[in-house]
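One chain, chain A, appears in both complexes that follow, with chain B as partner in the first and chain C in the second.
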Partner chain A sequence: MKRNNTMEKNMEKQYLLLVLPGLIIFTIGLIIPLLLAFRYSFTSWDGMSAEKPFVGFKNYLDLLQDPDFRSAWWFTLKFTIGNTIIQNVLALLFAVALDSGIKAQKVYRTAFFVPCLISALIVGFVWLKMFSNVLPAVNELLGTSFNFLLFGDGKTVLSGLLIANNWQWVGYWMLIYLAGLQSIPGDLYEAAKVDGAGAWTRFKNVTIPMLAPAITICVVGITTGSLKVYDLLVSSTKGGPGRASTSVIYQTYATAINGRQYGYGSAMSVSLVIVLLLVALIQVKGLKSKEVQQ
Partner chain B sequence: MKKKLISLMLGTAMVAGALTGCGGGGDSAPSEAPAPAENEEAAAGAAENAGGGDVSEPVTLTVLAGQSTTDAGIEDMIDEALAEQYPNITLEWECVDWGNDFQPKMQQYMQSGLPDIMIGKAQDVATYAPQGILGEIDATYLDRGLDAARENVTIDGKTYGLVYNALYQGVYYNKTMFAENGWEIPKTQEDLQAIIDDCKAKGITPFASHMVDTWSIGNVTMQFMMNDVFNNDPEWGDKFRAGEVSFSEDKAVQTAYQYNKLIFDNTYPETFSTEQTDCDAKMVLGEAAMKVSGSWSIQNFLDIDESFDFGIFPFPNQTGDSKLIFEPNITVMTSANSEHQDAINCVLDVLTGNKDLAVEIYDYTKTASMLKDVTPTFANPSQEDIDKYAADGMIVDVTLGNNQLVWGGFQEENAKDIAAWLQGDAEFEDALKASDGRVGASSAN
Partner chain C sequence: MAWNKKKQAEEAPHQRYTRTTLLIQIIMSVMAVVFIAPLLIIINYSFKTKKELYLTSPLSLPSSFQLDNYKKAFDKLNLATTFTNTFLYTAVSVLILALLCGTTAWAIARCRARFFKFCYIYFIVGILIPYQALFLPIYIIGYRLNLTNTRYGIIFMYVATGISFGVFLMNSFMSTVPIELEEAARIDGCSVFRTYFTVVMPLLKPAMATLIIMQAFQIWNDYLLASLYVSKKELKTLTVAIQSLFSAQTSDYTTAMAAIVISVLPIAILFMSLQKYFIKGMTVGAVKG
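Presenting the complex of A and B:
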């Protein structure tokens, strides 16, 4: 008994030792800045002066009446919802298609996955050129008149960004779904077939429930990733035209750094962190309850 | 025990890796700098004779250069000239885009320690000098520049910036097209409208523009404001902060905003998808008659077609007395706390004293000289117009407006609202109200 206790204590020490480096980096890189941002959010600091005048909740109250911040949230929400739906559906469909035993599966898998290895900055630039130069040139060549200038109009910029973002990330989430699909025991499908279940019924009653853990990962990952969109915008639309594609992070950066309103910008970032935590918590709780234990 | 040892080693390796990763970059310790001089003493002596400080030991100076697109590449020219004149001095450059990254970098360095030299624009002096972080520029080097260069970089009698070159802003026009169509240089809005109408009648796009770049909207708006607002009321920005005037109530400011609509209505429909290079190409290829822009376009114009014949005139205002806009551009600032003031002075000596280098830089950037007795040699078809406006005293320094209504956080944000209004996503009144709403961000201090 005593030996067991000593072993447990030793194991705990080992775990602690393993966790410690990560914890130190995490604390320095994330926890401390987060606490500092929280502190600055109660000041009117300009990011340059030595003085950081305390203003209480003024920044948070101003946020509620700031039309630019509201507009940034509205864009971010639309971008997030669009991405979450499109990316999950497409990734799942591609994964099912690849799992069905089609030829050249590895080639397709690689082709779909490669874009996510590219930096979002490059992806933004590539699609800027695609929409502004390449596709209009194709239009001219073919004598067609499709409107490819998606980034140049506030009404179409969201569609353009969704195309660019989904092009980049669908392959990544597809791999997660594919791994999930390949881990579903074949017996379950056999049993469903014996019971007379058709393809759709098998998909609905076997595939989807068994994929629930992968769905949780994908939904939470895509949602939180989309809420934090910034780099794609920097190289493609720069938040425009006007403010049509300004995300919360873009607005925060413009306010805190370019606008020298560090305190106000910190309040923006704190509000985003709270929303991110809430969304992730709700999604994980909701989706976990639907997961099936294998 | 083995597991413990492995975990300990892994942990140590991770922490060490992280620490070296954080501290690896940006090492500019003078003792580690290379010493290209074969004869260091001779080099130091030459430095003193030439007007720079005494630099007998190898020194590496850090430089943060906030560049416009036209400036990228001048760092190599400066390095080369410096290596010849002061071989003990090495510059460690960090070149960033002035519009997007200079201010964030400065904020970062204000917390961690400024670079020895900072290159920005004249308006940066008004932002950073009051913070007490900029060093005063020695009169030896300032005296080599034009007197006009000191005006907007001097605070309380002390000059904190060395203005190196200047840009001119206004309406660039296709001279051949103007001659062929019998168009005169417009002085009033009516004159301009007549040209626009004639352009349209002949199927010519009146204006080339690239509104995809918000900075371009912000830039032309300040041009408009200089001639319709600041020329009549040079303290408009201060009055705005004092609550005496506002964007929502001042008709002159509203007119300046409305000129954006005039451009938007008379340019090609894809302006919000057209980048500067493509826009300049359209101008050179004769697809548009005019472009409200600045000297930064000249580099593109001449790169595309070195025989392109163009001129410049100020965008006409309501009173018909518009002035050509002059903008001090590359402005060298130094750190007040640098340990290498002598070496910094050597760099200033090279910049202001080496005329070959100056001409090389002006010819490359296609900009005007702010040094005495130094004239660029590149063929600038618009120089004739610039000289005419200069002779008539019809040139105004835009730093007046830029110092009162700062770029970052104010002009830049206003431009986004103007773009939204032009796109129909916001009302004109909303754009004006938004400008009024950010009065707190209109000043650097």
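Presenting the complex of A and C:
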């Protein structure tokens, strides 16, 4: 018995050695920065001097009054909500359409998917040129006069960015829905048909509940992905016109790295981390409770 | 699993090709053209001369096939250096990730001590908080540990920020490793390490391929971390070089378009050749069973 115990202890040690390198790297690279952000957010550190004067909750109280910070959050929230709705609906529609027995499904799959392989930075630049040069030329060709200069006006910049972001990501989430759809056993539909359910009822009562795990993944993924938007803005709108498309991360970058207010910037980071964690927890809890148990 | 079923569905389609299907086919074809058009326009631009850019419509084809823009992009991006850097950062990071996440996820799955359960939750926190939200303290810690402007520094950070997803992904593959094989190896006197490297790791190859392609595409396309961590010319990555090209040449962007094609090509080729693994990685958790 005793020998067995020492052997188990010995094995546990070896397992520990396997986990340790990853654990250390992860702690230094992500967890300590997380703790540092909390710590610095209570100081007025400028990023250079050795001392970091403690200011208590001043940064957070200032944030609540800061119109630039509020507008950054407002933009980020609109961008996130817009993406979550449009991307989920389009991705699901596309997936259902591809799964409806059309020919050459693979070709369509690739066509919709390819944009997500491109860096968001490049996507921003491509749509900048699409709106300013290419689409006006399409107008000329068709003799129409749509206003495609979406990035030039504070009122339309959000829709322009939503178009760019959805162009990039719809195919990605579509593939996840498609995998979900194709894993639904056909006999469930047969049974529903026998019970006299129409196409819409079958979609609502069979497809949607069976897709619940995929919906969870897509909703959480799109929300977190949109809340962290930055690369897309750097090459397209640069946060403008004015501050119309300045996201939380963009604003944090400008405040901390360019404006040398590390303490204040850290408080902004913390606000984003808290929102991300809350959103993830609420969504996972809410969506998981709707998933069917098999 | 889902993809096997899909194959069956293709062989024996349960739906007939009706008029509705035809209508859907037409609508989806239009959508596919809309989605592909920007890509074709990029490629079209990349072959145009500066003169054509100003004088002809963006939709017209270039009058002759010339690679001047590519040559210019090659110089302006400092491609020999930036391409090698990006490739090096990506390749080394994903290999380390494959190794680390494999061992970590396996140990977590096999060892029943409470500490390992805690480890799993600890790693998962990193999925909920994307590194972009923590870019500022990540930059500060890199600066203080002298990780900025070094090759190992940026690789370290790519590993640290990719580990959460990697452990999650590898963990979901662990049920594919038959525990009987491991027990047999142990009875033969293999240590935990040898069991992992001789028995488990070979079985995890498909999982590792999935992990490698998913992370490679993230790291290759990353801009924020690379722009924070490297400012030295000889350490810059492709995306950082492309961004300076974008901001420097707003009027003559044919070169930038060629640069885009150059940077997208490797990852597109990687995707085409490892598509199966990529999709597997994306759909982890989305499909039951």
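Operating definition for what follows: the second predicted complex is superposed on the first by the 270 of 294 C-alpha atoms of A that agree within 3 Å, B and C clash if a C-alpha of one lies under 4 Å from a C-alpha of the other, contacts with A are read in each partner's own complex, and residues count from 1 in each chain.
Operating definition for what follows: a residue touches a chain if its C-beta (ideal position, glycine included) is under 8 Å from a C-beta of that chain, and two chains touch if they have at least 3 such contacts.
Everything numeric in this text was worked out from a predicted model, so none of it was measured.
Within the superposed three-chain model, A:G242 lies in touch with chain B and out of touch with chain C [touch as defined at top].
By the touch criterion defined above, A:K78 lies against neither chain B nor chain C after alignment on the C-alpha atoms of chain A. In the superposition on chain A, A:W167 makes contact with chain C only, while chain B stays out of contact range. By the touch criterion defined above, A:V114 reaches chain C but does not reach chain B. When the shared chain is aligned, chain C comes close enough to touch A:V273, but chain B does not. Legend: residue contacts after superposition of the two complexes on their common chain; A:I217 is shown touching chain C, with no touch to chain B.
Applying the stated contact rule after C-alpha superposition, one finds that A:K58 touches neither chain B nor chain C.
Applying the stated contact rule after C-alpha superposition, one finds that A:F151 touches chain B and leaves chain C untouched. Touched residues of chain A were counted for both chain B and chain C, and C has more of them.
In the superposition on chain A, contact of A:S49 is made with chain B only, not with chain C.
The intersection of chain A residues touching chain B with those touching chain C, taken from the two complexes, comprises 14, 17-18, 21-22, 25, 47, 133, 257, 262. Residues 3-4, 7-8, 10-11, 14-15, 18, 100, 103-104, 106-107, 110, 128, 131, 211-214, 270-275, 278, 408-410, 412-413, 416-426, 434, 438, 440-441, 444 of chain B are the ones touching chain A in the complex.
Contact residues of chain A toward chain B in the complex are 10, 13-14, 17-18, 20-22, 24-25, 47-49, 67-68, 131-133, 149, 151-154, 238-244, 246, 254-255, 257-262. Contact residues of chain A toward chain C in the complex are 11-12, 14-19, 21-23, 25-26, 28-34, 36-37, 40, 47, 94, 97-98, 100-103, 105, 107-108, 111-112, 114-115, 117-122, 125-127, 129-130, 133-134, 137-138, 140-141, 167, 171-172, 175-176, 179-180, 182-183, 186, 213-214, 217-218, 224-225, 227-228, 230-231, 234-235, 249, 252-253, 256-257, 262, 265-266, 269, 272-273, 276-277, 280, 294. On chain C, the positions that touch chain A within their shared complex are 1-3, 5-6, 9-10, 13-17, 20-21, 24-25, 27-29, 31-32, 35-36, 38-39, 41-42, 45, 57-59, 100-101, 103-104, 106-108, 110-111, 113, 115-116, 119, 122-123, 125-126, 128-141, 145, 156-157, 159-161, 163-164, 167, 191-193, 196, 217, 220-224, 228, 239, 242-243, 246, 253, 256, 260, 263-264, 267-268, 271, 279, 282-283, 285-289.
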